[in-house]
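The data blocks that follow each hold one structure.
The same subunit A turns up in both complexes below, where it pairs with subunit B and then with subunit C.
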Partner chain A sequence: MFKFIVVLASLFFASSVFAETSILNVSYDVSREFYKDLNPAFVKYWKDKTGETITIKQSHGGSSKQARSVIDGLQADVITMNQSLDIDILHERGKLIPKDWQKRLASNSAPTASTTVFLVRKGNPKNIRDWNDLVRPGVGIILPNPKTSGNGRYSYLAAWGSVIKKGGSDADAKDYIHRFFKNVPILDAGGRGATTSFVQRGIGDVLLTFENEVSLIINELGGDQFEVVYPGISVLAENPISLVDKVADKRNSRKVSQAYLDFHYSDEAQAIAVKHSLRPRAEAAADKYKDKFKPLTLFTIDEVFGSWANAQKVHFADGGVFDQIYVK
Partner chain B sequence: MSSIAVSQYSNYQSRVAHNRATSEPAWIRWTLIGITLAFLSVFLFIPLAAVFTEALRKGVETYFAALVEPDAVAAIKLTLLAAAIAVPLNLVFGVAAAWAIAKFEFKGKSILITLIDLPFAVSPVIAGLIYVLVFGLQGWFGAWLIENDYKVIFAVPGIVLATIFVTFPFVARELIPLMQAQGKEEEEAGLVLGASGWQILWRITLPNVKWGLLYGVILTNARAMGEFGAVSVVSGHIRGLTNTMPLHVEILYNEYNYAAAFAVASLLAFLALVTVALKSFIEWKIERDASNEEKLSEQ
Partner chain C sequence: MTQVITANHPPLRKRKQKNVLPGFNLSLGYTILYLSLIVLIPLSAAFIKTTELSFAEFWETVTTPRVVASYQLTFGASLIGAGINAVFGLLTAWVLVRYSFPGKKIVDALVDLPFALPTAVAGIALTAIFAGNGWLGSWLEPLGIKVAFTPLGVVVALTFIGLPFVVRTVQPVLEDLEAEAEEAAASLGANRWQTFSRVILPALYPALLTGFALAFARAVGEYGSVIFIAGNMPMVSEITPLIIITKLEQYDYAGATAVAVVMLVISFALLLAINGLQWWSSRRNGSAR
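Let's look at the complex of A and B:
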């Protein structure tokens, strides 16, 4: 009996023993496929360069939940998210990273980006071409809940920004967004849930989601049933990455973690991003793959809303614009 | 003694069932049977069949490939490890608690019974959050734990803790009524004849409740392997490290990898079916033992 307990106890704590040669990347929900390709490429690069064999552990989940876990002690060496808000919070709540983390790497620390596009059913029966078509009576819009999903927030802000960028006032934008949400039959909590509602349950006429998610849907779930519609203007959805300084220093993994982040900007990694329909941000790659992506007028969150923190406060905080229009 | 009463009662029941005069008219019986069968099909048989068909949709090869894939193997191992720790611990605790409650009178007994039931009443998500609040970096002990390199939440210990919490009441709940019904006469007789505490436990108390105990262990094991909510909160979702089978199923499903998701789900369902089969076997054993005893007492 005693032996049995010893064996169990050793198994119990084994997890922390072999952690030294591995780093943990805590990421959002739909980046799984991208990192499945990128991680082996980095492992090979690192082996060639230093002779060390490392493993990269991945953790995926809803972006805000993941950030929360890191604050609560999930030992992430690096964090890779789809909006800076979920990394900012590591500074605000946990002091795990410096305030100016976003200035540490090129392109706002975002090696890749995406944008919000429309997915419609084959033949585009409702003739949806641009943002204005979404608010016509009888059009069903599917998007994830902006309160709980980064994907949903980008869709909401893209819709708002589309009015502002055409010269509209805040009041015009609010009126538009009000009519927009009258056409939303359900709000799923996350991006994948919204995809399932649209694709498998057949609800709605148009799905608003990231460009890279759209290509995944078309590849995995039947390309012949759907069509992509690119709106005239949309939001630049940056995918920022950061070292989690406090954890990396404690685990002595700063060097390899930093190299892993830098690797995101290499030609090889940018090519992998393109394969997954993520827009490359490193200049050389952005130039090289220009033809792969439809040129769109993309505005940044900072441009229209000042900052992510501001957008969050005005639109998605309790009692914010979203709460005002969605209850009406 | 009481088991004799139970089996006499079941004999009485079977006599009643065969008595035409006291049974319902045929159409009522068949409607009831029909409703039951329809209900069972919709809520049990069809979903169960769906799991196995979906799992095998892309062929047997994909099915087994999904089960031997390293992350899946890690998830299966972790699930078995969590159950292997939670079940013995709750077994010991359950016996101790049931013994104290059934055989002794003390102050605060009803409070203890209520506390044992708490994990049934609390939502598993809350159970998980309790551990995050206690052992998380922002929690009571988190900073110290991480400083000293003890991993509790977002690691295997946290998963085991959460599993223990949600499976806490099963053994005790199974044993308390059984032990209470049996009374303490046999133990008292043992004591009078000079048996020590351990002798009483091993020779009288445990043999008397062995099947009930096993039944409780099986229920504990089933819940330990299937737990999702509490484990999801404390897992951290690190692939190949802190994902249990139910979490792995969710991940595969979200990756549009339906065949693999259902393959792992079918393995879970299979484990559940084995559990149910064991449970029926034990019920059959209990009944047989009871009727044997009855025969003995009749002689």
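Let's look at the complex of A and C:
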């Protein structure tokens, strides 16, 4: 009996001592592979630096769903997303983070980025070279639903911005986006769904998705069946990260969480990002790996749309520009 | 059961009859508590959330053309799916009860698969088969029949997930129905159709309607399998549960619950109507005998 109590007490003691040495990173769906490599690197770095052993727990899922869980009380010390909108909401709904969270870390708090590119079938039978080719009659475009998928939103905004950046007006862009969606036969709910439709079901002539997703398709699903086409201009898809202040303070994990976020900008982490075809944002790394990525003209969301919140309101909210394409 | 008992024993006491079985208060209390915890409280939360909207906002949210198109698809496809299941589920139950053949146990177990399968798996499998490059799709598409990524695909998915409900509700009733009744009908000169429509079907109506209602209710709420095969095009192949998810993705909780409330009300009204129909048919059936 005594032994039992000792064991119980030591368990209790252990858990109370080590409580703050595990942190939870709530992330989006397809960052799984990236964090599987990055987390062990940070654990080792932290051990070497402080002697503490920490555990990093991961949670992945659809990005808005993940953000909602954090608002509803999931104890996330850090949040890592693929669009700032899903982190902004933590300020708006739960006051879990300060309004200016994006100014706290370098490069808009986005240590990595990607961009929307085209994947076409081998030999590029429809001769798709740039945005204009997508709206030709007879071209089938596959992209996930912009209303449910961050990936789809970036593709939509890239298409819109491609017109604006060439000097077109909002009316031109609207006309383009209408013709664009005439060529879209299906709208999957998420990025992976769209990949499946294009790759496995053989639907459409071109898939619009993130550069890192494209390299995953080429590597894992058959590099001999597809080709990547880089459009003349595209959108910079930043992957922002943030501390969830309220949770970190409550769990007393601010120090290690902050170190974890800073680690994203280290040479080691940036190299891991490159391995997963994410574009590094830390200056040294961006310079070092510039041969690995095709230099593209990339515009930011803020540049063309003012802000993410504004783009969301004008284009994707109910009754917005996207809805008007389908409801006459 | 109660009905049978009262029918056999005409009321002996004139004053209001107390329940024969003890424990009514306690068991009803538990039933209401249980239903409240599991069903009513979560549902009322949905209603309360909706009150964040003014009535005008609520009405606008639930009557936008996209949302209305989704109601039509969801309820229409669910009714068609449940209807198909009522016919073929009855046939399946019939075969399983009345005949014995090798592999019957396996067929019987197969019926339950749509229950057990994660709906996403069902959706992916159906899409793989019915897509233009799939086993069936590659045959159907040259004939001009597109299934995957059309409303027809939605019907297929909803039919798939609803099948067990009809079979499993009709089967036990059919088992209880003695083959002698059919033999008697035949010996009295009824042809096969008359036997079926006058003897078997009336006895099966209540169970069949229950099965239909269950399959329908299941189909209305279905999300996982449909989104894979529907193609999810606004105004064409978008189901209402997807509209709700879409609104949640935009952090529009109130809008999502508003649409959910409308779904609830329509479903409840339809289920009530089906129950009413069932009550009516069992009464008519009971008095005929």
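As a working rule, the second predicted complex is superposed on the first by the 306 of 328 C-alpha atoms of A that agree within 3 Å, B and C clash if a C-alpha of one lies under 4 Å from a C-alpha of the other, contacts with A are read in each partner's own complex, and residues count from 1 in each chain.
FYI, a residue touches a chain if its C-beta (ideal position, glycine included) is under 8 Å from a C-beta of that chain, and two chains touch if they have at least 3 such contacts.
Because the structure is predicted, anything quoted here is derived from the model rather than measured.
Visitor: Is A:Leu24 touching the first partner subunit B, the second partner subunit C, both, or neither of them?
Guide: first
Visitor: Look at A:Ile89 in the shared chain and tell me whether it touches subunit B only, subunit C only, both, or neither; answer first, second, both or neither.
Guide: second
Visitor: Tell me the contact category for A:Phe118 with respect to subunit B and subunit C: first, second, both or neither.
Guide: neither
Visitor: Is A:Lys57 touching the first partner subunit B, the second partner subunit C, both, or neither of them?
Guide: It touches subunit B, and subunit C stays clear.
Visitor: Which of the two partners, first being subunit B and second being subunit C, lies in contact with A:Asp323: first, second, both, or neither?
Guide: The second partner, subunit C, only.
Visitor: Thinking of the overlay built on chain A, is A:Tyr260 touched by subunit B (first), by subunit C (second), by both, or by neither?
Guide: neither
Visitor: Now for A:Arg192: first (subunit B), second (subunit C), both, or neither, which partner does it touch?
Guide: first
Visitor: Contact-wise, after the overlay, does A:Trp46 reach subunit B, subunit C, both or neither (first, second, both, neither)?
Guide: neither
Visitor: Same subunit A residues contacting subunit B and subunit C, which ones?
Guide: In the superposed arrangement, which is not itself an observed complex, subunit A uses residues 93 for both subunit B and subunit C.
Visitor: In their shared complex, at which residues does subunit C touch subunit A?
Guide: Touch list, subunit C to subunit A: 61, 64-66, 124, 127-128, 131-134, 148-149, 227-228, 231-235, 242, 245-252, 255.
Visitor: Mind listing the subunit B positions that touch subunit A in their complex?
Guide: 81, 84-85, 132, 135-139, 142, 145-146, 149-151, 153-157, 160, 236-242, 251, 254-256
Visitor: Considering only the defined contacts, which subunit A positions touch subunit C in the complex?
Guide: 62, 64-65, 68, 89, 93, 145, 147-148, 185-189, 193, 196, 200-203, 312, 316-319, 323, 325-327
Visitor: In the complex, go through subunit A and note every residue touching subunit B.
Guide: 8, 11-16, 24, 29, 32-33, 57-61, 66, 69, 71-75, 93-94, 192, 216, 220-221, 250
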